[in-house]
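Pasting a structure here, questions to come.
Chain naming follows the written order as A, B, C and D, and within any one chain the residues start at number 1.
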Amino acid sequence: MKAKTFAHGIHPPEFKDFTAEKAIESLPPPEKVMIPLLQHFGKPAKPLVQKGDQVNLGQKIGEGQTLFSASVHSSVSGKVISVDYYNHPGGSPIPAVSITNDGQDHPFSDKEETKDPFSFSPEEIRQKVKEAGVVGMGGAAFPTAVKLSPPKDKPIETIIINGCECEPLLTSDYRLMLEAPEDILRGAELARIATGAKRIIVGIEDNKKKAFEIFQDKIQDFSGEIALLKTKYPQGAEKNLIYALLRREVPTGGLPFDVGVVVQNAGTAKAIWDAVSRGKPLYERVISVSGQGIMEPKNILVRIGTPFKNVVEFCGGLKENADILIMGGPMMGIVQWSLDVPVVKGTSGILAWAAPRPSLEYACIRCGRCVENCPMTLVPTQLAKYVKFDDLTAAEKWGVLDCVECGCCQYMCPSKIPLVHWMRVGKNRIITLKQKKSA
Amino acid sequence: MSTKSIGQEFTKGLWDENPVFRQLLGLCPTLAVTNAVINGLAMGMATSFVLIFSSLVVSSIKKFIPSQVRIASYVVIIATFVTVADRFLAAFFPPISKSLGPYVPLIVVNCIILGRQEAFSSKNTVGRSLIDALGMSSGFVLAMLLLSAIREILGMGTFLGYQVMGPWFEPWIIMLLPPGAFITLGILLALALQIERKAKSWK
Amino acid sequence: MKLSTQMVVVLTSVGLLSGSFLATVGHLTKERIALNKQRETEKAIIQVVPGIVSSQKLYEERDLSVYGGKDAEGNIVGFAIQASGIGFQDKITLMLGTNTSLKKINRLAILDQKETPGLGAKIANSEFFLLYWENRDSSGTITLHKPAVSSPEELLPTEVNTITGATISSEAVLNIVNTSLEQVRKIIKEGKLTGEAQDVN
Amino acid sequence: MTNNTFILQSSPHFKDKDSVPKIMYTVIASLAPVVAASLYFFRFKALALLLSCIVTCLVTEALFLWLRKKPLHSLRDGSAVITGILLAMTLPPSLSLEFAIIGAVVATTIGKQVFGGLGYNIFNPALVGRAFLQTAFPVAMTTWIPPAALKIQTATFATPLGNLRFQDAIAEGTLTPLKDLFTGNVGGCLGETSAFALILGALFLLSRRVIDWRIPLGILLSLTAFTGSFWLANPEKYASPLFHILAGGFLIGAFFMATDMVTSPIIPRGTWIYALGIGIVIGLIRLFGGFAEGVMYSILFMNAFVPLLNRYTRPRIFGERSKG
């Protein structure tokens, strides 16, 4: 079978050996959790509890406000000690519910649904997913219920399960695929039912042969297929994944809906299954704790709201020389200034290592490597120049808004120009300008 | 109306408002004919002649010229003196006339001259206009001399036709060609700007 | 005075004054300019046809004039052919002195050229180029010797020298010479050359 | 254990090991065979020219950095050394050193520093230096000596292309054999004689992905098409494309000069136009122009179009629909 792929992209070192063969361990619930009310793409949830309230495991503590929002659930049972701003891995403080764990936290009551989950109607599935506060687990944390509600005029044909995990170091999805393949496929089946799609395609990179074989075996029971993809970054980016599998291009500014596709991360598929089959809210997730700066890299199942500190301590702590801490992958992850931030729904990994000395920035020597590797076929160096000199019209015309911030350009840049930074600046300025205009 | 002293009126053309280095006017002849000092000098003199006499005439008849037709009148006046210069050169200095080619008639469109009429002579007295024209002419001749001296010395190893470089010197032919003119002028402009900046920082 | 009238009056008078002034200047310099030109041509003719005392224009067309050089008795002893053609950069005008049979070139002079200074412009230089044109046999086509030689003795009588690095300019001159000789032969054959052309076979 | 202080930076946090100095030193390494060939063929003359060009480029660069109050450590990026080597490789071996020094000064100042230094220049600095020399000292720049290894004693010696263009080599049957062109046993500039050494260096560059393969290929294709069509029509008068490829500065130009990153387009479509343009202009100059060799001018000519090409060849953005 020939591995499929897209044009451009890069091959950063993988470093997956740290954790690839380590089975998922469970982190004991911490004494205190801080659960941010915004852990997703969209508006923050409205708090449903007050200081002093007693909450149970899995109890809804924040209600999703609008369509683009998701509910938040308690990950322990105990007492609410505050509802206030708290550190957030995104950078700026966000309102969060702090809960002390009373240790009563018996495992989640697996009250089996009396009804066969596959006989639910699309509307029922969406409702249960929404109720459970499921969001995309790949990192962007887009509310899953929204993704399962395609507009009427855009019939969905295919559900793609994203098993690429193209970011270096991360292995949480890989472990899930090895340890719970049925749950992922069942979740995919539910997504198929909810969107009315005809088939499921699971895309797996060819550096995860083991997972690929398991899935090839398990897929027999479902109406779908497994596709082998070339190991390449950013193979897991939605638009590039769709192109690699179906040779369809999502139009600029559009969504996968526009080409009849819904993409779900493997972890998300499992969360959908848990939510629909057992009514289990999304209050824990699997993360990879890895990197040269971590004593014992591991894959662990963590309650949402657990401080990074507890997670890192569970993995033997940081090495002396570790001086960079990242939530997410090394290509798109966000640096953390402290270990005192909580794990959120979008946390796919916690990485640490000794950062190399920052390299000197040279003038652009127009080598064209950013152009050659941009998965969106943009011209990053030109865009950066337009943004730098505030020619936003040109920047927009040259497609700055289509940038997915994957970082391929900056990874390859021999002049070490912070291209992604300029893209973000450009996008921000253009969007702010547009909001001002429409206001 | 200008409020400068007579001395300032003259010296401004040499540096502060030097037509070539500071105002970047009249660059066409500056680039085209400065491949030998004699040509540069002749061009400078011819231009000076036209500038001085046009300024005199324009400043003395400025009262009679309605502003709607002033440019047309200036051009006629300038063209008259240009033709005189051209004929004079052709009659008495045929070799120079030949090597300057069409650039003498082209003095008509030299911005320095029309510019001074418009900016100065049409607003000032005859005396002041004369001083201004003399200053500007000197500035222009100076620039032409400087440029053509550099180009002739490097391009032929001579100055006004006299050998100044030793026999070891291999002439830089590029300096006689248009690129040499651009490169020399560019470097001189950069120097002028630098000197100006330094002078400002001292003040 | 109305503005429009004033405009007309001013422009007319400025124009009239300039015109009359220029007419005077033109009149005063006209003769001298013509004289300059004539002298230049005469000088060139005497230079290329040695030993003559006067000359007479025998033929003229665009880019080609033929002058007859006369000795003290008024006999034509040689032709001076003024011809122009395209060089490397611009038009080249030259004066070619031949004997009356057009079979021998006395000398060559370059009247006007705008070739690359220091390179193609050497065609106007005796030491590098014109020296090699003296006393050439022009009964057939003259050819260029490549690469350049350093003394006329190294050339065949029907050959002329090349300028190192300026082959195109050298070729251009050669071309003008060969073409004009051909043309003049034709003109003589057709009997269009007025004046007494002697010794023409 | 948790008193580590963390570095804050924006993503991506991984960076490729390639850097500007690394690229530059790779280019220098790739020039080794060419330099070795020139030293072999022209001995001491080649060494003297090479050293004076490199040293002058470095000194001039340092002077300019000092004048512009820029950090001197950017001298270490290796770009000045490349300019020096490339300039030396395009000079005739008989050139006196003072000309080479003038050329190196011009290359660094007018070719590079007046635009703002590395990354900002429009024209290939080495070629600017050479063009200046060619125009300033045309005779010295077109006087050739036979390679020392050839052991031929003649006063004047023509390059294979000069021979073809100005001495009717085909008609007289004196066209340089392809074998000599390949090994480099011919007259010419220091670095352009040996096709073998050039191809060796070029393969190294291509394998390290330092140069864009489109540029040499594009130039090769268009030059072959151009000269080939004339050759097929009249082989008595025109030389074969293979001769044009192996003779003169084609190989060094196509692989080492036209591929200069700073002065070539960044977008593949522009790169093709640029490369095809160079090939055609080379053909035009060699067949119909006033010079025997046209590589230098054609590259400089197309360099001038690079900013325009970059501006008008925006690639189709992924997912962008073609306008109806």
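The rule is short, and it goes like this: a contact is a pair of C-beta atoms (placed from the backbone, for glycine too) under 8 Å apart; a residue touches a chain by one contact, two chains touch by 3 or more.
If you're wondering where the values come from, they're calculated on a predicted model, not measured in any experiment.
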| item | value |
| --- | --- |
| Contact-richer chain pair (by C-beta pairs counted) among B-C and C-D | B-C |
| Chain separated most widely from chain A, comparing mean CA positions | C |
| Chain closest to the middle [Cα centroid of all protein chains] | D |
| Rounded Å distance between chain A and chain C, as computed from the means of their C-alpha atoms | 86 |
| Cα-centroid distance, chain B relative to chain C, in whole angstrom | 34 |
| Whole-Å separation of chain centres (CA-atom averages), chain C against chain D | 44 |
| Where chain A and chain B are represented by their mean Cα positions, the distance between them in whole Å | 71 |
| In chain C, residues with contacts to at least two other chains | 116, 118-119 |
| Junction residues of chain D - those touching two or more other chains | 138 |
| Each pair of chains that touches, named by its two labels | A-D, B-C, B-D, C-D |
| Interfacial residue positions of chain D with respect to chain C in the complex | 138-139, 142-143, 156, 158, 166-167, 290 |
| Partner chain C, residues of chain B touching it in the complex | 35, 64-66, 68-69, 72-73, 76-77, 79-80, 83-84, 87-88, 90-92, 94, 98, 155-156, 171, 173, 176-177 |
| Touching residues (chain side chain D, partner chain A) in the complex | 1-2, 4-16, 18-20, 22-23, 74, 77, 116-120, 212, 261-268, 271, 310, 314-321 |
| Chain B partner contacts - residues on chain C that touch it in the complex | 3, 6-7, 10-11, 14-15, 18, 21-22, 25-26, 29, 32-33, 36, 40, 112, 116-119 |
| List of chain D residues in touch with chain B within their complex | 96, 99, 102, 110, 114, 132, 135-138, 140 |
